[in-house]
Amino acid sequence: MVRFECDYAAGAHPKVLQALVDTNLEEHPGYGTDPHCDRARALLRDLCQAPDAHIHFLVGGTQANTTVISAALRPHQGVICAQTGHINVHESGAVEATGHKVLTIPSQDGKLTAHQIAQFCQGHYDDPTAEHTVQPGLIYLSHPTELGTVYSVAELEDIRRVADQYHLTLFVDGARLVYGLAASDVTLPDLARLCDVFYLGGTKAGTLFGEAVVITQDSLKQDFRYLIKRHGGLLAKGRLLGVQFEALLEDGLYLDIGRRAVVQAMRLRQGFLDKGWPLLANSPTNLQFPVLPDHAAAALSQRYSFSLQSKPDPTHTAVRFCVSWSTRDEDIDALLSTIRAL
Amino acid sequence: MVRFECDYAAGAHPKVLQALVDTNLEEHPGYGTDPHCDRARALLRDLCQAPDAHIHFLVGGTQANTTVISAALRPHQGVICAQTGHINVHESGAVEATGHKVLTIPSQDGKLTAHQIAQFCQGHYDDPTAEHTVQPGLIYLSHPTELGTVYSVAELEDIRRVADQYHLTLFVDGARLVYGLAASDVTLPDLARLCDVFYLGGTKAGTLFGEAVVITQDSLKQDFRYLIKRHGGLLAKGRLLGVQFEALLEDGLYLDIGRRAVVQAMRLRQGFLDKGWPLLANSPTNLQFPVLPDHAAAALSQRYSFSLQSKPDPTHTAVRFCVSWSTRDEDIDALLSTIRAL
Amino acid sequence: MVRFECDYAAGAHPKVLQALVDTNLEEHPGYGTDPHCDRARALLRDLCQAPDAHIHFLVGGTQANTTVISAALRPHQGVICAQTGHINVHESGAVEATGHKVLTIPSQDGKLTAHQIAQFCQGHYDDPTAEHTVQPGLIYLSHPTELGTVYSVAELEDIRRVADQYHLTLFVDGARLVYGLAASDVTLPDLARLCDVFYLGGTKAGTLFGEAVVITQDSLKQDFRYLIKRHGGLLAKGRLLGVQFEALLEDGLYLDIGRRAVVQAMRLRQGFLDKGWPLLANSPTNLQFPVLPDHAAAALSQRYSFSLQSKPDPTHTAVRFCVSWSTRDEDIDALLSTIRAL
Amino acid sequence: MVRFECDYAAGAHPKVLQALVDTNLEEHPGYGTDPHCDRARALLRDLCQAPDAHIHFLVGGTQANTTVISAALRPHQGVICAQTGHINVHESGAVEATGHKVLTIPSQDGKLTAHQIAQFCQGHYDDPTAEHTVQPGLIYLSHPTELGTVYSVAELEDIRRVADQYHLTLFVDGARLVYGLAASDVTLPDLARLCDVFYLGGTKAGTLFGEAVVITQDSLKQDFRYLIKRHGGLLAKGRLLGVQFEALLEDGLYLDIGRRAVVQAMRLRQGFLDKGWPLLANSPTNLQFPVLPDHAAAALSQRYSFSLQSKPDPTHTAVRFCVSWSTRDEDIDALLSTIRAL
């Protein structure tokens, strides 16, 4: 079985693992106060061109999302999110567990537009009984989205304007950001300039675990470590996060990993299109969503693992193929041959 | 600087690290559903002689504590805890963040007695306005405690009886359990028999991270993975936890680590006593709490790191020395020489 | 200005007010432990033919909804609700404030069908990653709904079967139940038989305030007063609730109030239809939703208050007219004349 | 049985009840947006000499406490409170239900001193692991306290200085404020000047229910109605609160009620002292806490209800006698005669 069902099936990129091995017997103070974390923070601040940003390393995405969201909102506020957004559909109510409603907006491609957000907020403030409803307080985007789609700088700039107009925190979930950086015009400095807070994911990009949260908004910076601890997110051996992000960030490894996977994904994409299979979403990143005849899906599943996305009609299935840093070119070759031969 | 300030200053025990390296390129499904987790669960169930126990691997202790406590309590219930308990003093209100009050009972040595707990509960149910107060719902112990002290089987049996009498869940925080197993008559089967839920800590016992939660009570078993996910505790690359606990559990490595550290700690303890320094708590485990003259504390701090515990009088300081799997015998030798020479 | 915008514009029905005046100088123990509460509970248990039901009086509907919902759910569970449901749209996130997600199902008429609920639950349990999503734990209905529509006994029986199949608590919000009793075949004994918990609203039915929560499910009964207190819902002078519900329940006053209002509402309904105005929802109860030409809405608003519901097209407006125990027949007459003359 | 066990045993002061009767058939918009609420707010702002204060009427004290506290705190902050404070001992964990820890300080007389608070905060910020603990964010006082004791203006000014130094919100629970105003040098303008937020209680001072929350701090004013609604505290027939507070505030009724009760309480106090019974607390307000021989307590309980406070030794009992607006002078006379005759 060759695994295409997710981008976290293997362990760490060899360079990341080597860094862990090399530093294993070093002794450091805990909870992210060690020199490796300091250096990883410095590297990322430089890459973001954001010398005043605060950077915190958390273990996982759900933890990062709930910690950031509950830090930014007052109790009566909710988070604007595409209906397909990860926090709405795949975190077991972790945001609601912090007391906040997820305010969903329908989306076909996983993205929200500035116009949709503005309309939603205007609707709220036009309502004479607004105080009986949840006030929008934060925009949650992911880049790439759950459907692999990406924002452009221009789109993010429009959304930033709406955020300013309605006093909303702008937060970008970057669990798969390395693939987004490789497939859009958005750069780390753009994110640091346009967002109040975002994160660069490690788990799906070659580390064992870890998400690097970058905070540029001053009020969010205050006391953030208390909030991480309160969410159970302050890793005792915090140096593990520092060591891994040092390895990921230095010499552009994070960019290499993203670019390589996108090249592989584009080969897959072309193979699906050549076969005449439509795509559920127009993803330029490491997730691809072909709509297959059921018999083709059944045949492929003999040798390849992938995940079911939806059932658009009785004889077709939309599925998700993921590539990652650990995907081998020869596995792409073999998969494409198999598809052509179907 | 030789570090005695905590038991999580280094990375992983070499055997644990090697297991991670050996399995790094394996591909597995995520979130703890892989064969390594399955095998680690089987090993631990065997060691506990608890074939029906459910076992879940979480990343850290605060996460384990809040997930278990909020899973066990109804909304109006609170958790009984020694005033010195970790959840009361060192988790930034993580239990309260789940909506539950920590009901503290004074304790000199970090332990609670069955009698204290019974009195507390009786006081609650005798109160004609009990429903205006928080109902005790769970007993939180740690073994060893924050002061390194341990329970005996007899003490745990007494507490179990009180738990039954007042319908309380009995939960033992085993973040440092390997040291407790080496220094008391309590075994894993005892804990599985007497507790509703407990955990065996990895972070302070040779893994990079990870706590193995053992659930024996049926109602707590149900849907526990939802609860972990809701707390942001379901690690994507869950296999990392399985691999590490396999290494820790097989061939009794966890026992060796505990025993070796306790031997080192007892040497330290004797050194303190020989010097005429009293001990703040009578700890048979890897944490030792000598009360030093201030000048001695100052002198030691030139070469050794340790943590301040309290200030019993103007010229003395109580401090905490920790040993762990990574403490070297020669560092103990040198420290003892330094102390004798003071 | 004659008010048709809500059913809580006036104070209390004269009989209810008189009861408060008559008992004002009596002295009673607090928090609902007085003889008036006891008698009101006995009356309601009799009317429900539910001798073992537990009955609690709460001040308002949001409080009743959040207290019941959070009492019934485990932390990882959510509440199934029509998208138009009060808890989803008009309670400022009070349910989410208790940590639970509202799981919405689209609805045109404010009702949910047994089939919709079954499909939703089946979709959850069929999902191989169900534990990454919120588990449905409770069905929230209102009878009548926000759109004035009602359930039949047969519909409730079907929903009960689905509740049993998927282990869901069935909860009916009866803030306007007196009007629902007057306009459907559902009786208090039906509700007591089919629901795990429901409430009979006083606020919109002639009391100054107060909702009578009827619990028939045993596990929900336990410790419910703790839960009320924890939500700030245990009224110090609880006797006020007992006195008012005594007045409402004895001699069938609650039925008279409901029936009279429904007769008035049906006269309004016919007036709207005679005028050729369609109805947004087919409501047999005290809320009526005509779709008016904008000029007619503007003309009516000179003398009558009503609330805006939606804007179906650029020249029409859907509005809501409410009648209640305090609506006078002559005001209905005058309103109908005005409409005919438009 | 003559009731001295609480100050909410009767209904409303006759003037308050009359106002409710007089306005019963008026029709008003809901949720506190009516002219009676507006006028009551204007009256209270004038009495406080605080023209910019925001005033909200809530139904009960627990609701007021949790709404204010959760509005003021960020998630990682807790509330400083005397160990005897109402929110710590008699609200079933309602503060913890909003996610915040109650940080208790021991107190003999129910009061906190500026020095105690400063020490507590200094201890927090001196701790190198402060972020692992709950940050103090708000001071909760009650005036009078649970033991009937009161603050002086000078004491409140000292506490205000500490609040400023450590960036704490200062909140005074005034559930029994009318009695505190009659027994200390603290006035409404003092409270408006020194606190960020406080409330004037109606429930224990002659209304059926209701607490008037006065907010002077700008950041707390924002969106406060959303927060009330989210806590289920926005009463549909909000005019009931306006009408009652109009009656309580105009012509100084609230002052008369407070003064009259304090005169009665001082007569009781003198009677206890004349009998040689010591007082558990030196209360100048409507709660009195004599320590009685057990036989005297038993004898009195034949004709009088009062509440048990504590058991200082095997043969004595400390009890609580409350007077209120509804206590009759002849009942005081009779009680004093009974005591003298014991």
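As written, the chain order gives the labels A, B, C and D, with residue 1 at the start of each chain.
Going forward, a residue touches a chain if its C-beta (ideal position, glycine included) is under 8 Å from a C-beta of that chain, and two chains touch if they have at least 3 such contacts.
The chain lineup, named per UniProt: A, B, C, D = Aminotransferase class V-fold PLP-dependent enzyme.
Only a predicted model underlies this, so the values are computations on that prediction, with no experimental measurement involved.
Counted as hops between touching chains, the shortest connection from subunit B to subunit D is 1. Looking at subunit A and subunit B, the chains in contact with each of them are C, D.
In this assembly, the chain whose C-alpha centre lies farthest from subunit B is C. Chain pair with the larger contact count among B-C and C-D is C-D, by C-beta pairs in contact.
Centroids built from CA atoms put subunit C at 49 Å from subunit B. One simple way to say how far apart two chains are is to compare their mean CA positions; for subunit A and subunit C this gives 42 Å.
Note: centroid distance subunit C to subunit D, computed from Cα atoms, is 34 Å. Counting partner chains per residue, subunit A has residues 75-76, 91-93, 97-99, 131-132, 226, 229-230, 234 touching two or more of them. Looking at the complex, you find that subunit B touches subunit D at residues 75-76, 78, 89-93, 96-102, 129, 131-134. Touching subunit C in their complex are the following residues of subunit B: 70-71, 74-76, 98-99, 131-132, 135, 223, 225-227, 229-230, 234.
Residues of subunit D touching subunit C in their complex: 3, 5-6, 8-12, 14, 17, 20-21, 23-30, 59-63, 65-66, 91-94, 97-98, 203-204, 208-209, 226, 229-237, 239-240, 326.
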